[in-house]
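So, here's a batch of structures to check.
Both complexes below contain chain A, partnered by chain B and then by chain C.
Now for the complex of A and B:
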């Protein structure tokens, strides 16, 4: 994931750079007219402009097909395949153009798909006949096809008399240049992708997860793989006009990568990726429209990258923020439990005479300043583990605070005893380990430990291990007439 | 030990003169074996003996250079509906976005055939299989959040959901806890008692004698195949593990280097 995010960072920087330096290539949806942003937005949402309508419908369709197929690329660990295929189609675009000498969508579609599949076949051939692995094969096939495509496009540009306007837009895309024919082709391809993935969802799922098993149950894993590659080639080719050769792989991978961070189910991932793809496409074309000179493709990719960044930081389960929060609250709980333990130790030192602990005692026990101790005590009060009556300066444990304190001390001492008895560790080596384990031992494990240690009453240092009776009854001096801890079961 | 093989009652697995090569380098030479029904067979041999290769080639997952395999008297692609498979646990990506139930339902896919969705009945079978391996409480867990032993149980549940007559299992005991290991042993025994035939790739010689009623000892060649009591002898083990087939592997190296 880390390498992936670096890649997207790189792409985002690249796309950002495009905003400033690529007015030769970059496309714009709105022609340069003096409108205010609000007026532009109104024009955008009413869809009055036919070229705008095409751009928006086109980018939404592209978002769906790229998001769906990209999800399969991600879970199959073939994200780079999108990159390779998108570069490999470029010579096909040029040859398709040369064939008809116009920007005929169908001719370009056929040429580009053929070139893309040839690229994929070359990768496959290199991988199976030489000792090169897939990454190297993708690397040089991608570059060779791309170079050939750039040369062919330059040759076409030098041709006299051809209707070549807009051909250069295949590099970075120009959603505004989408004609009705282009949008129809996009709709057909997206429809095909949705229908085939819906019909063969189970087949695509099992071959992606475990291709050996899929073949063992008689599924044509190779055929399913090639179907996916064919759909991918179709999808890339129709998306080229909107985002361009260089960035189309980002539309495949970024929305799907964001979706992968948010869910553990393939079906939901597909759905989310399609939604993110649509959002990226729509936001990209909107921004490009309201900000006069902005190119569409890079803006779509930036919008997609923003979605990815949001998922990375704010994802509810695997997001950086969520994980940080979980870690923080665990640390805070451990701190509170350690304070409770200190209160217990103070009480234990005076044989549980009196229920309250002064700041001074707590500070002495913890080897801290009184201010620090007061801070920790206040934290306990906030969590209803202790109280501090207004007229008193001392800290009283609540029943739940007492219970937790007993549990922690019990866990600690049981674990120390277990390590010395069962793991034969020296008594002076076990404290550090128990400091960590005490906070994570579950009740089941505690019961098991007690059983294995024959319900021992003293830890390796001779201190009394609080038992279940102590945990359940309140503070000794309150409810048990000052009887010492650990002997609650004697009566 | 072999029951009379008639055309009405073909053996679950018949391998004839099977040779398999990776990049021209042979890993299995002329394997001939007929596995009768209702046997729990352990496939035993040193590293690189071709144990996994044998079961993969038997299912057509690897191309054979020569020879043939018949499953219940038919080629694999016709009989694959009667075959269950437990691949090596390491062969899949456990971060894949599926939960335990999804994986076990995959065991039903072969019976469903292409383009048909699992039904409520399939879910019931999958639940029953999960229950059998004591993994039903984990049905909605993402598979990456399981221990190694639990993952192996999920794979076993998927194979059970296939409701097959012949099972191939690739190292189902590798990297599992003791509790899972004994649960698997019980399960294998139970399947065998129901007349199923099982071929299990196994690494641990120490437990092989106890777990399997039949052993297939392999070291590029078939060294021995027969009831455990008969073939688990010092001499045969020596032949499988100790006496390296040096000339055979050297020739394989040379053939592999040929352009």
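Now for the complex of A and C:
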């Protein structure tokens, strides 16, 4: 999942590009307005129109490069750098246009990249030479450069004779307006991003996670930072036409953040972010095509946000529902274990005479109503920790239920003893702590506790600590002896 | 230099007044944002009030001012809540959470503006980004007792500016303490959370009233550039408040002239002049201007300013 996966990604991008290189059908986007949504979908996905093909290939390329670079922004905690840079390129776009007074992709590309790098340098300069913090520096670059860009663009709009068609598309993006030259430029930039990231994967990874270590082993951290900023400026510039100045930052941050929620490994994160970026781009440009005249950028952003929301809620490990479910099941397990402990206490009170407890006894032990006790007992039965034969009102523990009950009581009493003996806490102060830890002590820790406490048999309150023999033997064997046997006494 | 004033003084007078009022009310709020390191929350809210405005318009079918304020307030608080939600409930860092929250809401707003029937709504793509400060004087004037006072947006902005000034006088102590030391605020008995959300509410109202004039992105500039300039010149909050007023006056006037000269967006030109003032303060501030620091370092060579990491052709 590192250099290899990136290489495969690059191959996939190339293959995708070759697949649609045949020119089958030519139609202007204005001619295809009278079709139903289904027909439009068919047209869109069969890629018969060159402008549509450009739109889709363009948004796929954009998704790949933005997703890859955005992942590095996320792990370097520089998400808003993308926002600042995407606004900062605007004056460069306008100057590139002024250079030739046409929408020349190359001139715009050069101007915008220069402006983006100037923006990154200004952020650095403001941060290091004034007392302003990073947020103010980013905000300043974002707003000041954008304002300069707006001035230049409005100036161009008022110029006589300039061929300014398509320049307004830089604001919110219109993927359908992508020309062949734009798509070629996007392919070159995406290829460059993939190749550079694959070649310098180790360097980028180390500087992103531990810049001090990277410097110590001789990596040029500053150079790598600016390489990343340069690539970022490149891919922002080529994405502008598809998604627009204002929302490029979302294409950088949102897919990568969604990927960040799903995995802990950078390689997988890069791959996922690229896939999410492609999905967002394709869905956005499709929706923009179906609803005539809709700007592409906002739709792509909404598609990306939907992906992020899905990852946020339904992510298998860090998702809100997964964590909520884990919390709920842990709470339920604790509740069941507390019920088992109460059953043990009831049995212990009558010196383990008889092997069942009645609802009344359980309710008294727990200081609850019988209904509540019955409810808890039913829960134990559902988890095969206890049984309740049809003709009887009493609750019998199953072998596994008995075992868990012994373990919990043992954990509780061992911990109490440990706190009084080793931590010198008063015997009446240890119960609360033991109530919490009894559910989480593992077998190894228990063994170690027993060893340190010299296999003690009684807790600070004089009660017998159930030992290994109790845990392993069933309940009936205990009733023979009339009481819990304690560790070692039976063997 | 006086050409625009000779041609149509009233027109430019109202634009200038609007610029100064926007600058003052945004700048005062911005001072607190900067102190609290929340400059980019201002960025987020300035973008995400858009869907609030659109929903308010869809519900009332008119440009009902209380409804628009309410929509912006709700949208602003939703933004802050959403940022906190993403940040607290997942391992996404706050900066990424800000970015995700506001771009989503802004995109929603843009899609809604392009879907709804736009009859009478002065929000289109151009206005969202550039603002229409130049059209402010053309709005129907408000009449009191039969006397035309002035264009409605300017009067509204004046009200908002007065409210901001009033609030920052009344709550001066609380805001000062909570901006510098949240812990002390709580121990003095002020409600830090209420102050935070109150500031966010004021921010939303200021942003929405400035929105039409200067657009979503340049509101950010109006919020933080005056405060940043003032912070270069003084570290005392009352002085900074005064400097913010001066800054908005100079940048509005100079920006107006620049826009006439270049024939470009007025709001953009005002921000460019404001940014220029910041660069001047950055270079020539009497207390810690870059130029003095370089010269001092050049003359005695002691290099006492450890903070100057890489001076050079960055400016």
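The criterion applied here is as follows: the second predicted complex is superposed on the first by the 441 of 491 C-alpha atoms of A that agree within 3 Å, B and C clash if a C-alpha of one lies under 4 Å from a C-alpha of the other, contacts with A are read in each partner's own complex, and residues count from 1 in each chain.
As a working rule, a contact is a pair of C-beta atoms (placed from the backbone, for glycine too) under 8 Å apart; a residue touches a chain by one contact, two chains touch by 3 or more.
Being a predicted model, the structure only gives us computed values, none of them experimental.
By the touch criterion defined above, A:318 lies against chain C but remains apart from chain B after alignment on the C-alpha atoms of chain A. Using the contact criterion defined above for the overlaid structures, shared-chain residue A:294 touches chain C, although it does not reach chain B.
In the superposition on chain A, A:263 contacts chain B only, with no contact to chain C.
By the touch criterion defined above, A:130 reaches chain C but does not reach chain B. Of the two partner chains placed by superposition, only chain B is touched by A:208; chain C is not. Look at A:144: by the touch rule set out above, it reaches chain C but stays clear of chain B.
Of the two partner chains placed by superposition, only chain B is touched by A:219; chain C is not.
Once the two complexes are overlaid on the shared chain, A:455 sits clear of chain B and of chain C alike.
More chain A residues lie in contact with C than with the other chain of the pair chain B and chain C.
Of the two partner chains, chain C is the only one that A:172 touches; chain B does not reach it.
For the contact definition in use here, the residues of chain A common to its chain B contact set and its chain C contact set are 77, 260. Those residues of chain A that touch chain B in the complex are listed here as 75, 77, 199-200, 202-203, 205-206, 208-210, 212-219, 260, 263-266, 268-269.
Chain B meets chain A in the complex at residues 56, 59-61, 77, 80-81, 83, 85, 87, 91-93, 96-99, 102-103, 106, 109-110, 112, 114-115, 117-118, 142, 158, 162, 168.
Every residue of chain A that touches chain C in the complex is listed here, in rising order: 74, 77-80, 82-83, 87, 121-122, 124-126, 128-133, 135-136, 138-140, 142-144, 146-155, 158, 168, 171-172, 246-247, 249-250, 253-254, 257, 260-261, 291, 293-295, 297-299, 301-302, 305, 308, 312, 318, 320. Across the complex, chain A is touched by residues 34, 37-40, 42-43, 47, 86, 89-93, 95-96, 98-100, 103-104, 106-108, 110-111, 114-115, 125-126, 129-130, 215-218, 220-221, 223-225, 228, 231-232, 258-259, 262-265, 267-272, 274-275, 278, 282, 288, 290, 293, 307-311, 314-315 of chain C.
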